[in-house]
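Going in written order, the chains are labelled A, B, C, D and E, and every chain counts its residues from 1.
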Amino acid sequence: KCTGDDLQLKHTWVKLNVGGTQFLTTKTSLCRDPKSFLYRLCQEENDLKSDKDENGAYLIDRDPEYFRPILNYLRHGKLVVDKSQELEGVLEEAEFYNVTEVIQICKERIKLRDDVHHQSNVK
Amino acid sequence: KCTGDDLQLKHTWVKLNVGGTQFLTTKTSLCRDPKSFLYRLCQEENDLKSDKDENGAYLIDRDPEYFRPILNYLRHGKLVVDKSQELEGVLEEAEFYNVTEVIQICKERIKLRDDVHHQSNVK
Amino acid sequence: KCTGDDLQLKHTWVKLNVGGTQFLTTKTSLCRDPKSFLYRLCQEENDLKSDKDENGAYLIDRDPEYFRPILNYLRHGKLVVDKSQELEGVLEEAEFYNVTEVIQICKERIKLRDDVHHQSNVK
Amino acid sequence: KCTGDDLQLKHTWVKLNVGGTQFLTTKTSLCRDPKSFLYRLCQEENDLKSDKDENGAYLIDRDPEYFRPILNYLRHGKLVVDKSQELEGVLEEAEFYNVTEVIQICKERIKLRDDVHHQSNVK
Amino acid sequence: KCTGDDLQLKHTWVKLNVGGTQFLTTKTSLCRDPKSFLYRLCQEENDLKSDKDENGAYLIDRDPEYFRPILNYLRHGKLVVDKSQELEGVLEEAEFYNVTEVIQICKERIKLRDDVHHQSNVK
């Protein structure tokens, strides 16, 4: 399991500007899922093709709040969705960034939620 | 369906200052609904007429929190409203920006919510 | 009803620094209620008397979160209170800024809320 | 009762950096409770002893979110706690800043909450 | 018990950039748990090894929202989790930063929550 002390190692830090909000992360986190768009974003050869803002942050035209659970998943492998957020919003971002495991987890949780809700209405 | 890799293409990025909060998006997103005020905002010929702040962001005198679901709808076509937000607040913004489909969805959800609430009070 | 296209007209933009948070609005919004403190704040002759920060924003020693529903009311005439906020907090700001209609609405909603709550306890 | 027009008077504005977040308030608000640490913070003779950041804001090593209800209490004398916040978190800050009335109110509300909860479990 | 007046003493202030959000704290808070990664982060000899941003803030590739309860615990020794946050998210950060007591408290609260939930489903 990854712990804080791994941060002692020099990392390649990556800045993202998601819909106007700054995020800071590492290439290691972004590369966790090789099928994801974020993996391709931080490949060296990509550097010239992608747009960046004046702080060197990659520009992404998406919601910052619903990006948080996606990025956190890439950091530690758990999907933590705040109680005020809707699973449908997380699913939408997971599909955009193409993080396959998060897509899967969201769909399962939505199904579970709707089944429970349906049951309690039937009773 | 639009995915992250489409961002690889060079986009025209647009900055918005909504009520004091910075948003970053693309002309593509803002132009999704041709009847919307946001469509007209980013037309070339409009450039001289609209006010901008010192960062080149278009000034809009509206609430930033309730603008988020509207902008996200233009990005991906789903209306995701956080559990802490009121549908009436989203409807108000949808009417201001004149995003017809969001107006429609809000009205349906408000009706559904009030019907359910009325039923459970009657029981 | 006011729509986005009215923004095409050149506005007098006003910056507010409410408790440390920047807000952007127009003189039109702030002048909606002539009895309000915000009306007097942006009168020309007032310009020298009120304190401003280094960005030219009027300084106001109040909470920014509970100012949002007040400002939004002045923008569009609906009082939208987030589910995580307390009506008492909105009332307190409405009284400070002296926005008479919002004071009225808050008091009605508080009464309604307490009546319903009382009824459900009595049953 | 204090209203917005009192702001017309020239105030001594005070900046606070609470855990990394900027707050703006006045000496009048901070001096409401003479027993509080915030009272002593803004006394003239204290000016050299306390640390400030590069913007001249007093540095305070505490949570910004739970400081909000404390500061708002000093501004208007009502304790407004958002529904997403825990009373225990507000109490902790009230004790740190030593705002006696807020300590008292928090303890009463916690007792009330726990009594109600206990009753409904007993029924 | 630590109170605000202790801040009168000159502190060693430490800036953290957690996932793109600035936090301000003191070496005293970060050193509360000697087994934690945050303890080692601010040791003098560590200064050259860890990455910092342009403001001199230590870079940490983690979520800022779920870091708040951890840092607050180091400040005052109480674990306060907002109602909108998930205990699992706090646990994940507690394990990353290796704050042993918070790990323990999170596990107990999760167990308690799940037991209660299970009971109410069985009834």
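By definition in this document, contacts are C-beta pairs under 8 Å (C-beta built on N, C-alpha and C of every residue); 3 or more make two chains touch, one makes a residue touch a chain.
All values derive from a computational prediction rather than experimental measurement.
*Asks:* Just to be sure I understand: going only through chains that touch, what's the smallest number of steps from chain A to chain D?
*Replies:* 2
*Asks:* Could you tell me which chains make contact with chain C and chain D both?
*Replies:* Expected: no chain.
*Asks:* Tell me the angle, as a multiple of 5 degrees, of the rotation that maps chain B onto chain E over the C-alpha atoms.
*Replies:* 145
*Asks:* For copies chain D and chain E, work out whether under half or over half of the interface numbers are shared, and give different or same accordingly.
*Replies:* Comparing the two copies, chain D and chain E contact each other through largely different residue numbers, since under half are shared.
*Asks:* Measuring from the mean C-alpha position of chain A to the mean C-alpha position of chain B, what distance in angstrom results?
*Replies:* Centres of chain A and chain B (C-alpha means) sit 22 Å apart.
*Asks:* Take the average of all CA coordinates in chain B, do the same for chain D, and state the distance between these two points in whole angstrom.
*Replies:* Spacing between the chain centres: roughly 35 Å.
*Asks:* Taking each residue of chain B in turn, which ones touch at least two of the other chains?
*Replies:* Touching at least two other chains: 83-84.
*Asks:* Using the definition of touching given at the top, classify the network of chains in this structure as line, ring, star, complete or other.
*Replies:* ring
*Asks:* Across the complex, what residues on chain B touch chain C?
*Replies:* Chain B reaches chain C through residues 17, 19-20, 36-38, 40-41, 46, 49-51, 53, 59-63, 65-66, 83-86, 88-89, 92, 95-98.
*Asks:* Any idea which chain D residues touch chain C in the complex?
*Replies:* Listed in rising order, the residues of chain D that touch chain C are 1-5, 7-8, 10-11, 13, 15-16, 21-26, 28-29, 68, 71-72, 75-76, 78, 80-84.
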